[in-house]
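After this come two complexes, each holding subunit A, first together with subunit B and then together with subunit C.
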Partner chain A sequence: MIKSAQLDSDARRGLSQISLPLAFSVLLLAAPLAILLAMSFWTQDFLTLDRTFTLANFKETWTSPIYRTLMLRSLKISIIVTVLTVGLAYPAAYYMSFVAPNNRKAMLVFLITIPFWTSYLMRIFLWKVILGFNGVVNGSLIGLGFIDTPLDWISYNQFAVIITLSHAWLPFAVLPIFVVMEKVNRSYLEAAQDLGDTPFQRFRRITLPLSMPGVVAATLIVFIPTIGDYVTPKLVGGPDGLMIANMIEIQFKNANNAPLGAALALSALLLVSSVAGIFVWLNRRYLKAEGAA
Partner chain B sequence: MSRRVLTMFMIIFVIFLYAPTLLLPIFAFNDSSIISFPLSGFTLNWLKSLGAAEELRKAAGTSLIIASVSSIIATMLGLLATSATVRYQFPGKGFAIGAIMLPMFLPEIIIGVSLLTVVLLAGFKLSIYTIIMGHVLICTPFCIAILRSSFQQLDPSLEEASLDLGESRINTFRRVTLPLIMPGVVSSLLIGFTISLDEFVIAFFLSGTEPTLPVYIWSQLRFPQRIPSVMALGTLLLILSVVLLTLSELLRRRSARRLDQKATSGAL
Partner chain C sequence: MLRTMKRTTTAIAVAAMPTLAAAQELIVLDWSGFEDPGFIGAYIKEHGGPPNYSFFGEEEEAFQKLRAGFEVDVAHPCSQSVSKWQLAGLIEPLDTSRIDRWDDVNEVKEAFVIDGDYYMLPTDWGTTSLVYRTDLVNASKMDSLQAFLDPEFAGRVSLPNNVDDVYALGLLATGVIDWSDVTQEQFEAASAWLRQAHPNVVTYWADNAELAQLMTTGEVSLAWAWNETPTTLIGEGIPVAINREAAEGSSSWFCGYVNVVDGPNSEDLMYDFLNAWMEPATTDYIVDAWGYGSGNQTQMASLGSEVLDSVGLGEVSAPVLVQGPLDNQMREQMIVEFEKIKAGF
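== the complex of A and B ==
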């Protein structure tokens, strides 16, 4: 530890300025998370809390078939959504950074950002309107005489959840990839071209490795929060598409079992963080192999 | 060749991004209580029905208060954090930034239930204050992302000149720094306001007897006969968000121009 007397005035000024926002985040994020953790080791009987330490909630979370099903389904949906989102966002970011003329870039970024910050709830609800049994797709197809009965594979199932969530997250996946691509030094690409690399080789050996940090950021920003979404499964998921967040909400609100809800929430967070950790580790190995790290 | 494929892809991408949103104004003015094509006619009834809804007006008021207060607090915290991290080196800097930016990477439900747990254990009542706390937490990282580019483009010699000429630090901030980064500050306020106005998950867990606008909309979605009115409300909110975001973007660009930098870095 450095004593504060030894800190230069710049460091002291920095520390004093950061202290308020840091205190806010410690007080309203770190402390509540710690209390949530404590809560997960307690038990609740209707309204009375029993504060004796027990692992029962975690045991139930990881062994009861219903929670395990929900947990694994949520993980599966999050992974599919992340792959779809980042996979579609990458070429879009590539277009914006490498193909679009410079004077259009700011406009494109703005165009991509707008949907992300407008009516989250309405956007999800609109997918219910589009994909539902009496929705826009089915209603229009029946009205036009193409089909007689509604297509049931598009409504109230995991397919609908995946489409809706991917659509909701797309803009957020594009931006981090774009920002990193903008920093790729264009002279490397010219050098590779002069030395005889084909466009594909240039992409694989320069652009892809150098844009990986953006891909990692996009992946984390989509993957981890997706597991906590409960509006989408509730609106478009049907009974088959419910996710772990719906169960967390039930435990906190209707079932009055906050300790079990806390254990479910923390277990879900632990699960996605571990998978995300493995992904980050694999990416490091890839970058090392490419000599870019 | 590949450029043409990518351009096509981008066009389809943007259409896909916007297509669902375009249904909102279409059905808000469609003269039928069933949401389906073909359209049956133009009406302003759904829009007019909003004026009569007392609960809606209350919810809108609550949301405006929460969004204003949250965006102001988040921008002030963002200013402090950005000023500290862009200009100074100090021990624990990485940890501090990580802790402050963390809400961006956390599922909102985790933030919602952990704050709810504290409120329940402490015996507080759920109110607009509990929602404000949650919203400040999630708005601050976005405000920092915007303010950071303003601070990075700021020429430190201007502040040094002011200090050398005998101005105090507070006055230097007020008379030199703040005017220069003002567009960034306003942009940060607008983004914070938009995020808070639109946020549902945290508000749903932390709202007591006074619902926010999204929580009110959520309660209406259960009634099929209310759906067209909800579409009308959604259209108004959409227009409001687009106006706020456009203002924020214009200010950000002006700021970038004023500070003589290129304007492509975007809101993130």
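== the complex of A and C ==
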């Protein structure tokens, strides 16, 4: 108590500024997480919650093949989506930052945000129309005479989930990479050129390492939410496109088994954080090797 | 401070409301689509407007919402949920003396008696049966539910994403017609059958609109569907047919309104709402516009068999599995098993 009275005015101002967001996140993030954690050690029989401590839910989550399959499938879909979006976003961001004239940049950023003008749900339904049996893709291919019968491997499966998610998350990947590239000091590039680097060497030794923080941010921004996405697989996934979040929803809702749902949710959280952690660690090693960090 | 704020907001709310304030009070937790004013013409006439609706897409969603403390006056589950909701303490008995046409209410009302009290007013019903595109499949193969297993229709089949309808199919296909005393072996046989049908399924349809779209494009040529879907599709000129007389039979379901415990508003409004549903005009409307049956069986009978046959509600000679109340443990087992089947296990 005495100590807090001795805080200087800067510290006091800092505390008062952080206290509201802190209370907010404790209330809306930490408390639900704590409830989830507690619940995952309980069991539910039909409508009654049994509060005896047990690890049975985690055992079931990690041993039963159905949950393992769904976890691995979500991981696979999410990794493919991340690689696709970041792979496509990087050249776009590169163009915006290094190639486009300065007076066009604001315009390009504005154009990138256009997909956000349509609700995500609408965009999912549009993909349903585009990939559908009599949809735009099949209609065009038939009209051009490439195929006779509509392709049915393009809708209601994992492929459709990957396409829809990649399209939705692309803008989120472009922006962080672009912002970081804008901060790359252009005189380094000139110096490299003066010292005899070819354009490719220059890119590999300067632009790429210096834009890596943007790539990391983009990867995490895409990877973490997509692995837990549930509306996309529900609407375009069909039977083999279901992901772990759909199973979590089912446990809480239809199956009346909130404890198992909590254990699944926490396990998915663990999986996401470990994969993200490994990725950040690998990136740090790469940057160290390049001497950029 | 708080009180002033409350008073101010109430004053603003009251001022903003039209003179028909009373009609806005009753809160109904309903399937989306059931806000159709044609169902409650008498209520709207008396109170000047429809009640407030909150919607759900499936019963389990409504159940969890109510359990979490969402306050409504009346809700619209189907037959299998009544005993579960009652066990969870969510609903209370209906006062049948306040339902004017109680004697006309379909006999199925007796299935919802718990400890001598009536818990649900059955208001709407329909059938679930084999539906197919006449131009895409050979009609001669459509006289048995085993058609769902035919590899010829791989990727062309859609089943309901609804545990009751799906198990009605599984049980019928394995020879069970009455599910009120279904055994563990029968349940397992039905699950095995559904598992066998799963590879043919392109997607499990969630609602009439989705299935109608899938069948219109021809992506789905064979489905286990509510009679509402073929009725609307035929109206649009799509070549579909409904076969309620497949050798193994078809199914029927009943839904209705229940009195939710501690509803925030007067029960008088609720009984006005329930009575409006039992009006003969509602029966004519629901059959004509929706292809569903009404809970007013006297008025249903007066429509004549020709009208009922045309919307798939008439008498059939094949077996009918009535989706009546089901043992709760068995239903929970079905829910879990269906999720596994859908995920491919």
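In this section, the second predicted complex is superposed on the first by the 278 of 293 C-alpha atoms of A that agree within 3 Å, B and C clash if a C-alpha of one lies under 4 Å from a C-alpha of the other, contacts with A are read in each partner's own complex, and residues count from 1 in each chain.
Rule of thumb we're sticking to: a contact is a pair of C-beta atoms (placed from the backbone, for glycine too) under 8 Å apart; a residue touches a chain by one contact, two chains touch by 3 or more.
Worth saying up front: this structure is predicted, and the values here are computed from it rather than measured.
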item: Contacts of A:134 with subunit B and subunit C, given as first, second, both or neither; value: both
item: Contacts of A:252 with subunit B and subunit C, given as first, second, both or neither; value: both
item: First (subunit B), second (subunit C), both or neither touched by A:156; value: second
item: Contacts of A:47 with subunit B and subunit C, given as first, second, both or neither; value: second
item: Touched partner set for A:192, first subunit B, second subunit C, both or neither; value: neither
item: Subunit B versus subunit C as contact partner of A:125, first or second or both or neither; value: first
item: Partner chain(s) touched by A:271 [first = subunit B, second = subunit C, both, neither]; value: neither
item: Where subunit A meets both subunit C and subunit B, residue numbers; value: 134, 252
item: List of subunit B residues in touch with subunit A within their complex; value: 2-3, 6-7, 9-10, 13-14, 16-18, 20-21, 23-24, 27, 34-38, 77-78, 80-81, 83-85, 87-93, 96, 99-100, 102-111, 113-118, 120-121, 133-134, 136-137, 140, 191, 194-195, 198-201, 205, 214, 217-218, 221, 227, 230, 234, 237-238, 241-242, 245-246, 249, 253, 263-268
item: Of subunit C, residues touching subunit A in the complex; value: 58, 60-61, 64, 84, 87-88, 155, 163, 198, 201-204, 214, 217-219, 328-329, 332, 335-336, 339-340, 342-345
item: Residue numbers on subunit A that touch subunit C, as the complex places them; value: 46-47, 65-66, 69-70, 132-134, 150, 152, 155-156, 238-240, 242, 247, 250, 252-257
item: Contact footprint of subunit B on subunit A as seen in their complex; value: 2, 7, 10-15, 17-18, 20-22, 24-26, 28-33, 35-36, 39, 49, 88, 91-92, 94-96, 99-100, 102, 105-106, 109-115, 117-123, 125-127, 129-130, 134-136, 139-140, 143, 167, 170-171, 175-176, 178-179, 182, 199, 220-221, 224-231, 235, 245, 248-249, 252, 258, 261-262, 265, 268-269
